[in-house]
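Next up: some structures, all given as structure tokens.
Two complexes follow with subunit A in common, the first pairing it with subunit B and the second with subunit C.
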Partner chain A sequence: MSATDPSRNDTPMRPVRRSLARQVLPYAMLSPAVLVTLAIVFLPMLQTAWMSLHEYVLFRPKNFDFIGLDNFRAVLADDVFWISLRHTLIWIGVTVPAQLLLGLVTALLLNQNFPWRPLARALIIIPWALPSVVIALMWAWIYDSNYGVMNDFLLRLGIIQSSIPWLADPDTALGAIMLTLTWQGFPFFSVMILAGLQAIPKSYYEAASIDGASTWRQFRHITLPGISGVLVTAVLLRVIWVANSFDVIFVMTGGGPGYATYTLPLYAFIKARTNLDFGYGSALAVTFTILLMIIVVIYLRRTGKALR
Partner chain B sequence: MALKRKSLRRRILTVDLPMLAILTFTLGPYLWMFLTSITPEKRLFTEGPSIAGATIENYTRLFRTVGFAENLLDSFIVASGTVVVGLSLSVTAAYSFSRFSFRGRRVLMMQFLLINMFPLVLLILPLFVLMRILGLLDSHLALIIANSTIAIPFSVWMMTSYMNGIPRSLDEAAMTDGCTRLGAMLRIVLPLCLPGIIATGIYIFITAWNEYLYALTLGGRNVRTITVAVQTLIGEYEVQWGLLTAGGIVGAMPATVLFLLVQKRLISGLTQGAVKG
Partner chain C sequence: MKTTMRLGLTASLLALATGAASADSTVRFWYHFDNADNPMDELVAAFEEANPGITIEAENVPWNSYYDTLYTSIVGGNAPDAAMVKMFAQPRLLEMGALEPLAARIDAWEGKADLLDNLLDLTKAEDGENYYLPVQYVALYLYYRADMFDELGLTVPTTCDEFREVAKALTRDTDGNGQMDVYGFGFRGAKGGHDHWASFTLSREGVNLVGGMENDAALAGTQFVVDLFREDGVFPPSAPNDGFQEIIGAFKAGTTAMTIHHIGSANGMVEALGDKVSAAAVPECGGGHWTAFGDESTAVFSTAEDKDAAWKWISFLSTAGNNTMFNEATGQLPVTKTDSAGWSLHPERFVKATMDSLPFAQLLPNRSETSDFVNTVWPVSMQRALTGEITAAEMNAEIAKLFGE
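Moving on to the complex of A and B:
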């Protein structure tokens, strides 16, 4: 790594006396962004960690008693925590692969030659641009138990016999929201994978088809290895993003019915927002972050290697 | 000739039709929302959404009685403020990352990447407490600060990647001609990556416009962004789907249009890092 060699950028003709200024300059230019992020990101995070060690309920602001790890002990003994953790795992385990698969198919199609390709490529990303609240609103309308088009559609096809209240039924609510999130997130995968596909040299395929390799074998031995880097990066990024995102759930069901659609970040948010229990909410947020950090560290190590 | 026709049919079966199916799935919900919004409220529950007898009554109601215009203004102020803060703070940082190598460069870059991975829920609680102490709750500034937690790291990364695309020899030539470092940055590098800066700014605008949880937690009666307004509609006008969907269309419009305008440049910037990595 060259970071230890500050003279790398210096042209040899520059006078020596300016080298001190040059050593300080990079840091000086970085300082506005670094200082502001310290103030508005890292300090608040430390404060969350600090709050998680206290009993702190917002409507009793005078009471800010240090209770050590009691909140965390309570978290581990909390049934709702385990329910939420289970939902978070299902949530990631279903949504991310579904997004990946649909995104991969879309990317492979968009990589073919057809006349309206530019149009298709532009339109496919629309879900990505929409605000989560609007996404939640339109899917809630689709799932509406009385007038929703989902019930109408499935009834006409004869797949279901009577209307299902998708979001009000504990058995279907989580699945319904996961479909919404798959819809929202797959364009990201298709865009990333498409960029990976286009980086594979055409000559590989030409050589393979001269050798008589079938389409499947070409996919298996040229395409998949060619996009594996992008796939891993995109999956890691998406796991982090999907795990973190709870705005769609919050608007669509608010976690209900019962605890049927609780995920960990949502539980932490509701604890703080509805019960104003900032101490316990912080402990939940910190616990969730620690779990998430496993994936984040894997991602950062990959990216860190690329930065070298 | 026969071969060509056969391959065309094959293409339609294996490419055009599946693509069309995926596009239907992608655009269907959005179009359905639009169709609902132009259907008169009375007919919505008897005949369902339809293009016949289209009306804009839901939209006029949205602005007359619900007061959506103010919400749009709030969203605009917050999103523009975030763009200004996000871009201005990160220009010099991006230049520094792109042009110098110094002790701690990698750690600092990773730090900016890390910020975007932290759960929002970890930040939202202390920011609420902080804004309450500072008396900033329910102000535009509070939302601009909150959105900057996402915007600054994002734009540092994007701009570093755009600046990396501009050859260093240009800076060096300018400095040989008597420019200072800052002069070289302002006069040479910034104009050259202006398209990238605009794309980054637009992406920040979209993200801040679409943001909901900060706006809900830190906003209030005075400052109610469009996303919170749409969500409030869901609560207040529970069964008036015509009005609700009109609100959804209006709320999503600016972000959608901007996204379609800059998607090409934006996506090349977003995917660059991933493809290399």
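Moving on to the complex of A and C:
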């Protein structure tokens, strides 16, 4: 009799349904985004990894021979790979700290009270907002050895005695492009750090001044800890972006003169897109991804400890 | 009776379907024009008017990435139906099975007899088949500043030795500020500059990209180019990275007194410099003469949906009258006898320089490696040799290695 009582049957069912719905709903809501990410990010990644294990030259599309790790062995024995890796490390190691420093100084300035501050804040974003190709062409003209404003400026100041072919000299080409990228990327740090600065309560500084703390000590013990979270995230993002960015190099020098401005992503791109060697190009890309992941993991571990 | 009616109905339906299909025919055509205000639209309009039912979607693909884009589009299954193509790309396109044989269509085409002699032979593939239909041609020659030559009492160089002396004399500080403002020769050290190097190197006896790069003559050629830059300083300092825009811009601006290019630049040069610019064949070096024959053809791709329509379009471009319009845009020379006879789109001195160069104008080897030579091996090794990272012998060895593999 009791088994047929509907009220007694419904009672245990409802929580089950509810908890099932609660378990399924998040997956159902997330699945479209996850599926799209899988399709446009992970699938090509897997494809690249798979291609790197094959001899695959695009103009011989019928030959797709499995060669195991031969491409990776060739990468390690390739002089151009080591040249490109060295350039990539210099590229990241100089550009990101330079952008960070410039961005920090700009943010501190923009955080002061002065007339036209909103306009200055808007203008500072321009280098970041311009397309990379425009920036690359603009700076290629600035560096031009015949008509460039850089040489003209330095000649007039008497700093140099004759025009320097900034982009055509292997000793200066990489540095010249790093300066361009620093100019392009520092507004990102400025904006991020400025947001961090505005989140620090003014009362901390007031209290510190009453206690007699100097400006440097206020910066060291209030400002820096206050923006450290922002800095960690911004540096991480910039390391990844700068490491992967080759559009500015490609437009300004195409990697030249010789291999003077080759970085790993550019080398992988040239191997795959110009030489059509997709197997080897993929192996370069996979190698670079692994190296970048190692850098990112080390960075996160170290900064994580420091933040704690 | 019923059967006849049924057949008739079927035939009508088929005809209708065919008509509908041809009405929907679209030919996707890729080309590369440096000239921003090109008259391709006029050609397309004229063709579509003469061939109702065929629509032409012509796309101007930037030259720097033209072949990269073309190859990847073929592999990606999104190739155009027809495109402008050069001979150096033919072996790769054939290896990819991308080209439609055209010999039978060319034989049946009424415009064949009007094509300049030998062009079809020059553009033949190794298997003897014609996959290309020539649409324009040029030969590279030496542009020089006649006014500067007159001012310094110089004569146009006919040999490499004379060229060197003349280039040195032309490299000057004209305003006395201690800075060179004119350089003897605008050398193209970036992609596409192999033609400059080749005129000084491949001209020499016994030098050949395939199997003839590691001898003394080849070394003398490359060393000659390196010395012009490093020892004599007759190229602008930016030469290792200079591409087409830079060498043409510098010549027009008076920063260089000589450079090598083809008739495609002639009208722009005259617009900027008037009678101050003239042209002559490139100098003879090491006992031989070499200049690049700049070929340009069109081809139909094997994946084209409507090959007949694609052929109609490309043959239209190589027909007298239309070919003139096409070459107005590119500034090159027409491939038809009719258009060539009345050619007046370039000043005569540049046409003469081209004609004088034709007897020794040559194509690069018709091999798969030629693409890598043009796109990466030559520019990278030339830049490294010019900047002193490698020697001339090491540069030649790189080239020999590529063609020897």
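Odds and ends about this structure:
Rule of thumb we're sticking to: the second predicted complex is superposed on the first by the 271 of 308 C-alpha atoms of A that agree within 3 Å, B and C clash if a C-alpha of one lies under 4 Å from a C-alpha of the other, contacts with A are read in each partner's own complex, and residues count from 1 in each chain.
Everything below uses one rule, namely that a residue touches a chain if its C-beta (ideal position, glycine included) is under 8 Å from a C-beta of that chain, and two chains touch if they have at least 3 such contacts.
Predicted model, so just to flag it, every value in this text is computed and none were measured.
Counting the residues of subunit A that each partner touches, subunit B and subunit C differ, and the larger count belongs to B. Of the two partner chains, both subunit B and subunit C are touched by A:Arg273. In the overlay built on the shared chain, the residue A:Ala77 is in contact with neither subunit B nor subunit C. Of the two partner chains, subunit B is the only one touched by A:Pro26; subunit C is not.
Judged by the touch definition given at the top, the superposed model places A:Gly254 against subunit C, while subunit B stays out of reach. Contacts of A:Asp144 after superposition: both subunit B and subunit C are touched. Contacts of A:Ile294 after superposition: neither subunit B nor subunit C is touched. Using the contact criterion defined above for the overlaid structures, shared-chain residue A:Gln161 touches subunit C, although it does not reach subunit B. Looking at the shared chain after the overlay, A:Trp183 reaches subunit B, while subunit C stays out of its contact range.
Touching of subunit A by both subunit B and subunit C, each in its own complex, is seen for residues 144, 147, 273. The residues of subunit A lying in touch with subunit C in their complex are 58-61, 144-147, 155, 161-165, 167-170, 253-260, 270, 273-276. If you check the complex, the residues on subunit B that touch subunit A are 11, 15-16, 18-19, 22-23, 25-27, 29-30, 32-33, 36, 44-45, 48, 89-90, 92-93, 95-97, 99-106, 108-115, 117-130, 145-146, 148-149, 152-153, 156, 168, 172, 175-176, 181, 206, 209-213, 217, 226-228, 230-231, 234, 241, 244-245, 247-248, 251-252, 255-256, 258-260, 263, 267-268, 270-271, 273-277. Residue ranges of subunit A in contact with subunit B, taken from their complex: 1-6, 8-9, 11, 23, 25-27, 29-30, 32-34, 36-37, 40-41, 43-45, 47-48, 51, 102, 105-106, 109-110, 112, 114, 120, 122-134, 137-142, 144, 147, 149, 152, 183, 187, 191-192, 195-196, 199, 229-230, 233-234, 237, 240, 243-244, 246-247, 250-251, 265, 268-269, 272-273, 278, 281-282, 285-286, 288-289, 292, 296, 299-300, 302-308. Interface of subunit C with subunit A (complex): residues 68, 71-72, 75, 92-93, 95-96, 178-179, 189-191, 236-242, 250, 253, 255, 368, 372, 375-376, 379-381, 383-384, 386-387, 389-390.
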